[in-house]
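What follows is a set of structures for review.
After this come two complexes, each holding subunit A, first together with subunit B and then together with subunit C.
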Partner chain A sequence: MNMDWQTLKRAQIDWRMVLMSTVLVVIAVVFNVLSEGIFLSPENLYNIAQQTAVVGILATVMVLIIVARHIDLSVGSVMGFVGVLIAFLIYTANWSWQAACLMGLAAAIAVSMYQGALTAFVGVPSFVVTLGGLMSFRGAAYLVADGKTQPLADPFFLKLGGGYNGGIGTTASWILAALLCCGLLLAMLNKRRAKKIYGVPTNPAWVDLVLVLIPVAIVLAFVATMNAYHIPNKDAPQGVPIPVLIWGAVALVISFLVHRTRFGRYIFAIGGNPDAAALVGIPVRRVTMLLFLLLAVLITIAAIVAISRLNAGTNSLGNNLELLVIAATVIGGTALAGGSGTIIGSVLGALIMQCIDSGMLLLDVSIGTRYIIIGQVLIAAVVFDVAYRKWTGDAL
Partner chain B sequence: MNATDNTPHSKPAIDTSRCLVELRNIRKAFGGVLAVDEVSLNLYPGEVVAVLGHNGAGKSTLMKMLAGAYPIDSGEVLLSGEKVQIRSPSDAQNLGIESIYQTLALADNLDAVANLFLGRELLTRWRTLDDHRMDADARKVFQRLNKNFTNIRIPVRRLSGGQRQVVAISRAIYFNARILIMDEPTAALGPEETAMVGNLIQQLKAEGVGIFLISHDMHDVFALSDRLAVMKNGKRIGTYRTQDVTEDEVLGMIIAGKAPAGKTQTERPAR
Partner chain C sequence: MKLKRHLSALAIAMAAGSSFAQLVVGVSYDAFQEERWKTDEAAIKAELAKAGAKYIMSDAGASTEKQLSDIDGLIAKGAKVLIILGRDKDAILPAVNKAAQQKIPVIAYDRLFEAPGVTYITFDNKEVGRMTARAILAVKPKGNYAIIKGDPGDANANFLREGQAEVLADAIKKGDVKIVGEEFTAGWNPQNAQKNMEQILTKTGNKVDAVVAQNDGMAGGVVAALAAKGLQGIPVSGQDGDLAALNRVALGTQTVSVWKNSADLGTAAAKAAVELGAGKAVTGAADWAGGEKKMTLKSIFLKPIPVTKDNLDVVLKSGHISKAALCKGVDASKVAVCK
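Right after this comes the complex of A and B.
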């Protein structure tokens, strides 16, 4: 028993993630009981998954922004601006959706470089820069189309937001799941091989196997659920919704950046000790600008998903979104003081928030009560975070 | 570009008669305040030169210019007789100058391995971090300094002062520093760990590394240094062989800024 405990300790299991996953499961089960089985129905889970995508996509990059000791209060407004711009170019200016999206990306990059340069080179705190941006770009979103709603009709484009035709179907979903599972397994084997070559101590095989089988089981269960959702008047079940696919891809890419590249490591170093980062020769300003560039790309992706979900671009697109994104990030264990946070945490944080919101909606809880509860959940998450850090000796 | 970028540079044969570092008439002003005023200082291979002075005397500023953390306003830096431009910490590192700072320039949230390689990570041929190679190499360096140091994969904020110092010093050792700047290396350490740093300095000296030692601790200075330079108000008061002066005379220089009578200054070690 003692041996097993030592093994577990060495396996470097992230107990915070284990706990958060447990919280998510408990929330789901409780709502399922209260809603008499509706909450865990494939239809409801399908909806929750695709509703969370926009917040989830932005939360992945918000983790990095906050880790680097910055904040972006303007994500909602900038996303609104970019979204309306894309919709305006497609609907009013008759651009192809591809060209419009590229233009949207260019606009997002321009905005991000402006805000990033003020932060990185002029030294204005990002809180102030993006607080200004929060208002200015909401105004810009209004000006683009003079406040008029820009409806969208391109059938392919609308799939990007999920909805009626927004699933990839059962076959594609299973193929994707199989590929992902193989990828996880290969990654684990590769890691064991590399550790052996360099003589670094490895986990016992069974520990590594369990650590791979858990995500594999989650992937398979998720795909099975999405494949079980069959809209009554359609021929085939939905499969994985495209916005969730996009979210998953974004989370994978950003996790890769964090764990496997200098860029990711430098963001954490800057967040942990900015002076040390500069003293060891990390190009702090360049890394900050790159981070804002990444933010621009993800804001554009989120904007595309958001307008195709709405079937329109409106000037209120993304209103208050920054609060949901930051809340998801914080519930996911990212410290506002900087230096620590995980991408998978932001995924769980976004899901926990959306589950609580959707669950209360199912139970007909009034909007006032919902706001109160979600606000307190955020605080509870931070209280837990502080207690957890004290317990592990990682006090900030 | 490939992973070989980061392999430690090979050391030339030790020639202790040739000056390793020559700082010539270095000046630095912050706003209107002259922090370093026309200071010149030499360092020879295998030599420890202690740099002394009150807080604000300019010693840390002088060393930070050599380390590339501050740009030099005017003056020259020569390494092994060649004029060099040090514009950034990376420039300094590429020239074989490593620094260990008083505040321990470590990213507290990263583990010991990440800190050892911070800014100079080993990469695979895909330009991704080569974690396993870094892990294996790091274990070797840490082993050399402290056999009991094995928890190298937890954030360094959870390590003891001595372990953190091991991480900081490892940066210099792994990348084969030719010139080492140590800013109060024993300030946060217990007696055993202080002894470890002392041994390490002897070892590095034998390998021909030149060391600038910034310290307030007179015991350290007299135990470890070959020469000492005293600064006050940005000016160099004097440079002496450590064996030629007494502790009182050194304190007199630090406090009153006056050179002791009848002692000859020297720009070279006693060899």
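Right after this comes the complex of A and C.
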């Protein structure tokens, strides 16, 4: 027994993720019992996956922003502004959706460069810059279309937000699942080989096998569930919804940036100790600007998914979204003091929040109670985070 | 010098004389940047011009404090009647009392504040609620209803709900109508309304036959949620006469949008101001004591217009919406006004 404990301790398992996943499972099971089996129905899980996508996409990049010791309070407003702009160009100005999205991206980059430059070069705290942005760009979202709702009808564009035709179908979903599983397996084999080459002791084979099989099982279960959701008046089941696919792709790309690129490592170095980072020659300002550029790209993607999902751009788009995004990031274990955080954590954090919200909606819990509970969940997550860091000896 | 002084005295006398002849009506807006007040202003101006009265205005830029000094300013500029769009129903009272001391009649425009002698002119929000429910009940007299309410912090959400409850009461008692889901929507946000609708559909296994939504923005979210489940032809209500919602009414994805023509509100307020300025009672005003303080005020409640597929010409004729916006994507052979 003692031997096993030692092996597990050495196995570099992220216990925080294990615990969070357990929490998520417990929440799901409790809601499922209370809602008499509705919560874990394919239809509800499909709902939740879609409802979480926009927050999830933004949370992935918010992790990096917070890790680098910044904050962005303006994500919701900027997303609203970009979303209304795209919808306005499509609906009122009759642009093609592709051109409108590019224009939206250009606007998002302009906004981000402005806020980024104030932060990186002028040295205004990002909290203040983006607090101003929170108000200004909400106003801009109003001015773009004079507060008028801009409906969208392009059938292809509407797929990006999910909806009736927004799933990729069963075959494509299974192919995707197979590719992902192969990828996970290969990654683990690579890791083992690399460890052997450098003479680092490897985990026992069974530990690594379990570590691969768990995510593989999750991927397969997810795809099976999405493939089981069949809208009654359609010929075929939905499969993985496109917004979730986009979210997954974003999470993968950002994870890659974090683990495999200089840019990613620089962000963590800056967050860990900005002065030391500058002293060892990390171009702090340039990295900060790049980070804001990445933020602009993701805000545009989130805006496209959001307006497509709502079938319209409205001036209230993304209202209070910054709070949900930051909460998801924090629940996902990103330290507000900077320096540590994970992308997968933000995915779990966003899911935990949306599960609680949607679950309580199913149970007809009143809006006031819902807010109280979600607020307390946020605090509980941070309390857990503090306790966990003390226990593991990580920096607070 | 002497001549100059005489001349200026004459000028002052003439100015004073003209203010006797011409009624000056002061309008205090709390936040003029909101688009809709431009419609109100145009109507007030037109009506006052017709009566030969002068229009002066001030904009508090969303500041409660500034609105108090604005009102002082309007009085100083010679306003004999005040139309006030109050920022805060309590904080506005010192200014209202000051006006009362100088015997200047005050009209509470669109939003209620309670002080003796105030005339309250607004749309009847309970009636809006009744109209939304009535229009849905007319097309779906039996079935499962979902109710999407506005923000829980906004008193209007409750007024609307009361009106809806009145209309639906009989059908619910008879068992014809069953309310299977009812949710408040934080910030009247369409995205939240969409989520609420998705969860209601999931909870009931898509067994929803009609949706009473309290405004057009949320109706948009509801329609998106229904479309995503492939549910078609389910009646949905809304209010505000949003251009996008009127387009949905023409398309057939929304049943009704209750429209409050703010030009009517402006005209009514200007007419009342002219009458009050002449020392007459306001025609059509009745005693009402339904406010928080139960104070009896002279009030005019304007009837909104429920816009459905059958009377879309109303919004078109009033110039509220262009034909292009109303009929975008609409099969012109099916909708009369789009031909």
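By our rule, the second predicted complex is superposed on the first by the 395 of 396 C-alpha atoms of A that agree within 3 Å, B and C clash if a C-alpha of one lies under 4 Å from a C-alpha of the other, contacts with A are read in each partner's own complex, and residues count from 1 in each chain.
The rule is simple: a contact is a pair of C-beta atoms (placed from the backbone, for glycine too) under 8 Å apart; a residue touches a chain by one contact, two chains touch by 3 or more.
Quick caveat: nothing in here was measured; it's all calculated off a predicted structure.
Novice: Using the overlay on subunit A, decide if subunit B and subunit C clash or can fit next to each other.
Specialist: On the superposed model, which is not a single observed complex, subunit B and subunit C fit side by side.
Novice: So in the superposed three-chain picture, is A:T288 touching just subunit B, just subunit C, both, or none of them (first/second/both/neither)?
Specialist: A:T288: touches no partner chain.
Novice: Quick check for you: in the superposed arrangement, does A:N203 touch first (subunit B), second (subunit C), both or neither?
Specialist: neither
Novice: Among the partners subunit B and subunit C, which is in contact with a greater number of residues of subunit A?
Specialist: After superposing on chain A, more of subunit A is contacted by C.
Novice: Kindly classify A:T300 by the partners it touches after superposition: subunit B alone (first), subunit C alone (second), both, or neither?
Specialist: Neither partner.
Novice: Applying the touch criterion given at the start, work out whether A:S126 contacts subunit B, subunit C, both or neither, answering first, second, both or neither.
Specialist: Once the two structures are laid over each other on A, A:S126 reaches no partner at all.
Novice: Give one of first, second, both or neither to describe whether A:S77 is in contact with subunit B, with subunit C, with both, or with none.
Specialist: So A:S77 meets neither subunit B nor subunit C here.
Novice: Check the residue A:T225 against both partner chains and state whether it touches subunit B (first), subunit C (second), both, or neither.
Specialist: So A:T225 meets neither subunit B nor subunit C here.
Novice: Look at A:S340 in the shared chain and tell me whether it touches subunit B only, subunit C only, both, or neither; answer first, second, both or neither.
Specialist: Once the two structures are laid over each other on A, A:S340 reaches subunit B alone.
Novice: Now for A:R309: first (subunit B), second (subunit C), both, or neither, which partner does it touch?
Specialist: second
Novice: Kindly classify A:G272 by the partners it touches after superposition: subunit B alone (first), subunit C alone (second), both, or neither?
Specialist: first
Novice: Just to confirm the geometry: in the superposition, how small does the C-alpha gap between subunit B and subunit C get, in angstrom?
Specialist: Least C-alpha distance: 38 Å.
Novice: Check subunit A for residues that touch subunit B in one structure and subunit C in the other, and list them.
Specialist: none
Novice: Touching residues of subunit B toward subunit A in the complex: what are they?
Specialist: 67-69, 88-90, 93, 99, 101, 103-110, 114, 118-121, 123, 127-129, 132-133, 135-136, 139, 153, 155, 157-158, 171
Novice: Taking the touch rule as given, give the residues of subunit C at its contact with subunit A in the complex, in rising order.
Specialist: 34-35, 152, 181, 183-184, 186-191, 194-196, 198-200, 202-203, 206, 216-217, 220-221, 223-224, 227-230, 242-245, 247-248, 328-329
Novice: What residues on subunit A touch subunit C, complex-wise?
Specialist: Residues 35, 38, 41, 43-44, 47, 51, 146-151, 153, 162-164, 166, 231-234, 306, 309-312, 314, 316-320, 357-358, 361-362, 364, 366-368.
Novice: Which stretch or stretches of subunit A touch subunit B in the complex?
Specialist: So the residues of subunit A touching subunit B come out as 12, 191, 194-195, 197-200, 259-262, 265, 268-269, 271-273, 275-282, 339-340, 393-394.
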